[in-house]
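Shared chain: chain A. Partners: chain B in the first complex, chain C in the second.
Let's turn to the complex of A and B:
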């Protein structure tokens, strides 16, 4: 009897709050790693961008000097301006992967003999490494014995040095990047198409919808989740466009194919530059650009959740 | 070092030390980091370390070979933490950041020893910062013009020595439908070699050094003269087209196929040219022509070096290793044709019979009175080197942009050297 009377007092704080604590306990490892590897470094980068540091000696506080230098590079149309401009071109043109992926997915979404083989062939560029993609396109563009100039030659068009021409080089690299990215979007749409409700298509047919009207009013709305994911991965892919540039041109000729991510690497970590603070300042700018998109994605996801 | 003292006595007791009494004191661990990752230099270095180990049986040697490019960034980490006892690097300004950060050991004591002081005098300058020496060289090589002798013979040309002869030669080569020079500027530094020679020949070694140290404006008329000379070659079509898309290796086939007659390069270009099938009858070498007769000839001869990190734990053994590396016999051995195929740094060593090494050696020892430069990206601070070489590449593609490029370099100079 006495024990039973004592029991409520013995109930510990943990037992009383178990319901509320449990989720946080499960979240704790994830949160911890997210703090250590993402959140804290973000603030560290902000902090570092106010210093001048070569990675070896003592860091010297310079206030906003690094940002001022970036501003002047912008005014002088120097490396920073070119990188930012190229980033913008990447963002816009890289989105072409979405309609291209949709087109191929629609094309492949049929049942004929051997379709699985065709699907995997189209998916192939996404599986191979970006390094290989970069090398293949470098050879393709080669001004003396590249396939591109052989092809142009057939039509009597002059030789083109895509990767050596400061006006063409960024577009040339984007085309190389679109190849695997299109495959990625295609696979997203193919899975999306599996989930399209046949009854709605049937209903649309009865109402006389065909071709583009069918696509626009019946299929695409049902593919919204796939489109959203394709948009997210493509935007992120465009902002991360580092490996292809590093392999195909190293930012050249004379720095005209740099993007912010590559410029940051060059300034802070490459063979010729160890301006950690300046690199951090570029990283902050890149972060702010990404933040716009991240905020938009989070907001639209939040809206979607609430809608359901 | 003290903790390993017991092992010394053990070694002594075993009587191994009797074979090499002078070296008997060396014990413990010696950790060596190398950037010689290509197969041939790697084998050379490993064989050399084995010979050193045979002399010092009490020493446990651990060798780590790191990819040459990766080494350039990793050195920053391993000099501060988990530091080796010996590490390879480059001479002149390239070692300056580490010297200033106090990460390299002052080895002036080695340079005071007569054995080194007398025989390595020619490279002492490249190893000196603030009046002290910070490492020892182990190999160097000449730069110059490697050319297709058979093409020169066919066109009736001879090796030029003056700028006028050079231009006349080049005109004939261009008229025959070839380019005078092959070059691949994708990785920028090859253009730095051209700038080195043109500027040293136009304005002299001292001026060149002052420019590298940021003491002279890039918009100075003398610098503009260098670029005007360069433009003469570019405008007559001396260089192959599309060089901005090629690496230096990718530019080799143009010379092998006879589409270009010559290559301004370091001696390391000889091996791939021979492998591609050019015989020594087809391939020859001449010193870069003189341009301004009032300045003394000066050459590029990049030097590779060994250093002792300041945080090394076995500095005594490391010093012995450095002495061993620069000794006359070792220098003869590691630089011979079947090993590195480059020039020994010790005056008592003998140079390999290879005709290019012989020509290079005599050029550097008797026909380079102005001085010996390391190379643009080793003489100028890293940041300036990067910006300027990008400018050189742009200039070689668009020579009409010269003024805009020089203005940009001048802005960079004001920023880079002011702190």
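Let's turn to the complex of A and C:
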């Protein structure tokens, strides 16, 4: 090592400024990809929503007309507000996955023989594709042979055509979506329960806390990180619901199970479609709804960062 | 431990619990078991309305044989692997670097760039749909696996960066400082010091991204069409259209399509769960 001593004089500009340049070199490829495929397209969609465009010819600037069409439903009757309402139903009912997941996690948080396998098998629904989940539940609801009607038949009820009924269809699809989502929340809580401080539980027991009181006052506060993540992924999952609707009903019957995500796709890329600007306007509305939650998540993360 | 360990409960409670476990599991997985049952039935059972009874004969080999040798399914599966594996490699590679940059260096815009990755990861797909489709068309990559892979890598980089950065933050910073004192270049610190320590994070992300991408349906529909490039999630809808009302084949096809991520999960369970909790719940 003869160069070590006289290295300082030979240091190139790059070597001297290494610590300032290095982060940008490490960031460059990832940032470039992310900019091109995610960040810039968001702005492009905003811009596109002010145009009328069929995806091939020239785009015509129409100002806010796409949004007016949405607001007054001049183009598609009974589409936008039904989608919006269904989005809201999804958002609220999907949150049931959190208590349901907690319930199953509490049920499985034991150390009996074979429990590890049970936990894995309960997690199963999350790992399989929503396309398959959709198919499975379509059969479950099938009016001629579905298990649901077989069960209802036992109690002298039915038959019920869940996916063919405008009033039931959205709830039917949400139940299908809750199945994997509950599994996800369950695994979050199982990991969380593992980390609960045993001393605090003992202290609680000495104070005479048990059952629900113990859960509420001692366990849940310690599960807060798990609850936060469960909340984030469930909200995002609810607003992203597309696969199940596309597989199970294609938005039907008569558009009654559409959500914004599906409606946008239908407008822009299906046989009804190629109204790109109009679709972009729908996407912008969905994005703005999501943005409220994204801002909240980032705010929480920011406080966490400051806390460190 | 909460709830109270069952071993400390009366004998009756223990037996009830042990009995309830398999029942609960059967109910929970009921819909899947039904598909598994369908997939080994002969076609005749469905025409005779024997939907939920035992198979009149065991036709598993016939049904799965047809899926594997007489349909486009192997093609779709291969496509799925050819889309998923490069995406995993690409996203992990890019995000180990971005995660390293954001986790180790202090510079002004650090937190903003980090938040941009996080926020981008949460946007609805629809707002990206038209521009990304156009970009892919312009690049001449529409209806190719490459087009899909490039987008997936870019989008997954957001989530992966979140994960990697938080993981690197938790590493002992003294290691890096010590290396700097030794005069080791930043690239070598990344490669020889940090990367070996990131193995658990890389494993966790790999299994997770594998599952996400394998199960992606939306982008497969938006960016591809036809058997030459479609992954299995999109392919199965054409498969099902082809074998409409052949429930035994649709079931067998679905099970085949669902199997790889399931296998991945069982093989790498520990890493998978570490990834799902975003590293935030230990």
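Throughout what follows, the second predicted complex is superposed on the first by the 278 of 308 C-alpha atoms of A that agree within 3 Å, B and C clash if a C-alpha of one lies under 4 Å from a C-alpha of the other, contacts with A are read in each partner's own complex, and residues count from 1 in each chain.
Throughout what follows, a contact is a pair of C-beta atoms (placed from the backbone, for glycine too) under 8 Å apart; a residue touches a chain by one contact, two chains touch by 3 or more.
What you see is a predicted model; the values in this text were computed from it and never measured.
In the superposition on chain A, A:286 makes contact with chain C only, not with chain B.
Within the superposed three-chain model, A:38 lies in touch with chain C and out of touch with chain B [touch as defined at top].
Of the two partner chains placed around the shared chain by superposition, chain B is the only one that A:253 touches, whereas chain C remains out of contact.
In the superposition on chain A, contact of A:128 is made with chain C only, not with chain B. Of the two partner chains placed by the overlay, only chain C lies in contact with A:118; chain B stays clear of it. Which of chain B and chain C touches more residues of chain A is settled by the count: it is C. By the touch criterion stated above, A:164 is placed in contact with chain B alone, chain C being left untouched. When the two structures are aligned on the shared chain, A:269 is found in touch with chain B and with chain C. Common to the chain B-facing and chain C-facing surfaces of chain A are residues 55, 269. For chain A in complex with chain C, the touching residues are 4, 7, 15, 18-20, 22-24, 26-27, 29-31, 33-34, 36-42, 44-45, 48, 55, 106-107, 109-112, 115, 118, 120-125, 127-132, 135-137, 139-140, 145, 147, 150, 179, 184, 187-188, 191-193, 195-196, 198, 201, 210, 214-215, 218-219, 225-226, 228-229, 236, 239-240, 242-243, 246-247, 260-261, 264-265, 268-269, 276, 279-280, 282-284, 286-287, 290, 293-294, 297-298, 301-302, 305. Those residues of chain C lying in contact with chain A across their complex are 1-7, 17-18, 21, 24-25, 28-32, 34-35, 38, 49, 51-52, 94-95, 97-98, 100-102, 104-105, 107, 110-111, 113, 115-120, 122-135, 150-151, 153-155, 157-158, 161, 183, 185-187, 190, 211, 214-215, 217-218, 221-222, 233, 236-237, 240, 247, 250, 254, 257-258, 261-262, 264-266, 269, 273, 276-278, 280-282. Those residues of chain B that touch chain A in the shared complex are 69, 72-73, 76, 80, 97-98, 100-101, 103, 186-188, 241-242, 244-245, 377, 382-383, 385-386, 390-391, 393-394, 397, 408, 411, 415, 419. Put simply, chain A touches chain B in their complex at residues 52, 54-57, 69, 76, 78, 141-144, 161, 163-164, 249-250, 252-255, 266, 269-275.
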